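In the two assemblies presented below, chain A is common to both, partnered first by chain B and then by chain C.
Up next, the complex of A and B:
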């Protein structure tokens, strides 16, 4: 176990080095200058001021030196301050990442709760009306963009019914869980829709393959009920690729909920990341990237460990 | 009590089986015993494309309480589909099964799956061919042994586990209690098949289907598994349908044998009678294809020439005609009926041993038909050995 953790940590460090270096190079390659964003277009005309700021921020240093400096600070836990707002990057992340993580987590859980029964039903009734109608629904869910779903949900639950707020975010720490969920449920549902469609397709196709297995026929010949066979014999062997995709999509959601965060005015990390990219705020981009990449690696490590829980053949003696 | 065989033991085992049939007591075959299973005119067709694939095509037989029926045929002869059709566990949506299957007086064909479920596991059970795939790899042995006990017999978990330990002891698995926590991949193939037998026996079924139960196993284990099945069958007075491609397997372990070809029974007789006077050329070819230790070294294996026919496009007349050493024009025109000669039934125009068959064989051999020439040579060498 210690060996496994050590190798995972080594992999995490390697991933972080690669990801931060690539992010740093990408942002360096982008045209435009953070100084423009800091000073505004008027002030840029004053070359002296510009030169002073560039020197202060170390922007004139060679690329590798800048990356090395950032890396040195990051290793001591100092992710720096935003060029634009002067806000501490670590503070930004600790405030915003939990919001996005909660949204992503809720979306994945809601998607799974719906997708597993739908996928199992589709496989069990393959080719029958239950299958074709759920497949059609899933197809529709897959082809509607998140933000359209978001707008529809706002119209229905906020404008027409007035049950839930249309925007804003209540923090658990200050407003409590109920108030928090009131603001989280709509954006999470909008995100869950696509995930649900992807997951249920996966469960259906894996389940169809599993139901062809000899051990399913053997279980049937023992006189077990279909329900028992589906849930206690077929579901587990059918869930390995689902787990892989859940891990990948969870990671992707951490950086990919921008539009929904924007639509619902949620102070998440994605929103901040997009702003930082537009402003060439490399320090903020780097800091957020580190956290998202770490989350990715951690989530996928957890998924790897879960494989062994689901399939005993993967466990090592 | 178990003879251990070396790797070369397969042929030895087979010849022992065959040569030993005269000595086998057939007392368990009681022609007067009550009929447990009665199959009449059973047909299972798979509808693929335009023509139905006739996997089982008009099969009828009875199995008495506590007796064993052997069903013998090549791969693709329909024997696996037959046993699954009798139980009603065919899963393919494109299959239709017609005819009649009476189990203890109740008709099974036409029953819904929900109704059949009360027969499955409890009244009739099946041991599958490959223990590597017929146990769920992600479910512990203990649950696979107890889940149907709990469902059918309303046992508590503890009660069912007691029974499971007993079952594992019966099938000679050491440390049965510890084994309950194992997953299938932690066991060898022979052990897994023992577990499968224990699972099948759990609810004390009256009728056991064993569908090539040893084909996937190491030859050294095959014998043990077959003996275990026979022993449990006798002890429990359970009826058994033993499906196999190996005449050697059924020779000593059955009361009656049905030879199946292209979805039809071509010969059916009490075991002793079948071996002492084979009537169907296909049965004879199967018998000849078993290698014997009495033969000199490097004797060519005698395979049946040709392949089983396409079940979606069966020829007119006898399905075996193309591979038959005795084939005559009538065989390609008229399909022979299953005719009964006492308890011995066969479907052939020129049954083995008849004068017409002898004439046909020498004519065909002279005309250069390969299977007839090798059959004629075989007969000559057999005659040489026995004289």
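Up next, the complex of A and C:
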């Protein structure tokens, strides 16, 4: 077990180094003087300001030294400061992170709650109408981009029925849970749709394979009820692959939150990223990209390790 | 599923008896798979896959038709200029057009008009062009560059493999859309060339991974060993044996990847970060029409349907070809 952890952690460090390096070198791809890009083309060029930025960013240093300095700062939580809004990048992220995290968490939970029964039903009634109709539904759910789902949820629940607000965000801390959920349920549902389709397809195919195992036959011959076999014997092995796919899909989910936050005008990390891109605020774009990529890599490593904890075969191997 | 189970339990069982495809395997010798003809492929498609293929053909033909100069047809199949405002001033007639913004369906405007009275049907057909170009460029980059790199490292192995696959892993360690957004933000001018190139370059790692996995499997097959044994040059084996056998799998993967690329370009357009306005794309049509969703939901529905049906069709066709490859592979 210790060996597994050590090797995974070594890989984590290597990947993080590479990922941060790649994000950092994107600024080197900028055409012309990075100061131009940072200040915006129309900005008044105060030579003092330009000199200050050059010194701040160490633009006269060689590239690798700049990366090393930037990485050292980033590791201590200093992702720099926007030259457009004067905000500290890490503060911006930490203020907005709870919103994005809540959305992602709600989406995963909603997706799992829907996906498991659908997948189990499909596997149990394999080839029957229940299976073919849910499979068709899953295929369709898989093919509708989440922003389209979001728009039609807004149209139905805000425009036509007037039940829920079409945009904005109420914080739990100031407005309370009920008001918070009113603003969170639509965007979370829009995010959950694709995830639900992916999860339920996995549960179905996994379960079909499990149901052919000998120990299921043994349980059947003992006279255990179908429901007991499905939930206690067959679902358990599927939970492992579910865990993996939740980890793998987390990246797509983070990308999805960017679009959904933009659609619903939710003050999360993703919406800030889009605004930064519109303003060409390079420092913020860089900071948020590194943050999201790091989060994704770390989460996948944790999932990998959990997998090893849960499945003894991997722990030993 | 059952086939492979039985195969594992009875390794000496004659595998060709179990196969329902690949007549070439009946000799019992491990040779390269035989190609199926176009008719065979089409007739083996389930009905929904046939419909899906038909839709893709319609979109592609429409997009190309919208782009080429069709005046030589004598205006028999007219498609309006997607950026022409039908209520605007027309220099030719010296009067204002009779169009209205946010019109319903009519004979003149099949799918109505948008917020500034442009013909929605024309914009929809033209919108397919951006998706088509992005898909073709990304598939070309992926299959040619990714396919070559993956086949090379899967066949040659060694240090080249370690370096290239490590790079691939790092790029795939990013959430795809976030990396794309960061890269796109670098460019001040976003035209079709920039967008399709960025998406194309980002497509390479996934194809490289698929190609390598397949090249690894193929490199250990008997026909490759035979080629080595008779002293064929490695470069010849790579180009004549490995790559031709990796290619069909890559093309099947390209269909599934195309569905993803259409969604990604649609998302980018929706965010206003793809091709600049007024060039119509399905994503920016959705984003513009959603502002008037209270007045006319139909203007949101048309581009949404076009985008979703295209993704669904690409998924269906992609799944079909991937399953074909998988069935063949498992029986070889």
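Operating definition for what follows: the second predicted complex is superposed on the first by the 233 of 317 C-alpha atoms of A that agree within 3 Å, B and C clash if a C-alpha of one lies under 4 Å from a C-alpha of the other, contacts with A are read in each partner's own complex, and residues count from 1 in each chain.
Everything below uses one rule, namely that a contact is a pair of C-beta atoms (placed from the backbone, for glycine too) under 8 Å apart; a residue touches a chain by one contact, two chains touch by 3 or more.
Small disclaimer: the values here were computed from a predicted structure and weren't measured.
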### Query
Touch check for A:237: first (chain B), second (chain C), both, or neither?
first
### Query
So, does A:218 touch the first partner chain B, the second partner chain C, both, or neither?
first
### Task
Using the touch definition from the top, say if A:285 reaches chain B (first), chain C (second), both or neither.
second
### Query
Looking at the overlay, does A:310 come into contact with chain B only (first), chain C only (second), both, or neither?
first
### Task
In the overlay, answer first, second, both or neither for which of chain B and chain C A:298 touches.
neither
### Summary
Counting residues of chain A touched by each of chain B and chain C, the higher count belongs to C
### Message
Need the overlap of the two footprints on chain A, from chain B and from chain C, as residue ranges.
### Response
none
### Query
Touching chain C in the complex: which residues of chain A?
15, 18-19, 22-23, 26, 29-31, 41, 139-140, 142-145, 147-148, 151-152, 154-155, 159, 208-209, 212, 250-252, 254-256, 258-259, 262-263, 273-274, 276-278, 280, 282, 285-286, 289, 292-293, 296-297, 300
## Note on the structure
Within their complex, chain A touches chain B through residues 127, 211, 213-215, 217-226, 228, 232-233, 236-237, 310-313
### Task
Would you mind writing out the residues of chain C in touch with chain A in their complex?
1, 5, 166, 169-171, 173-179, 181-186, 188, 259, 263, 266-267, 270-273, 286, 290, 293-294, 297, 300, 304, 307-309, 311-312, 315-316
### Residues of chain B defined as touching chain A within the complex
87, 89, 91, 93, 113, 117-122, 125-126, 128, 130, 133-139, 147-148, 151-152, 183, 185, 196, 199, 203
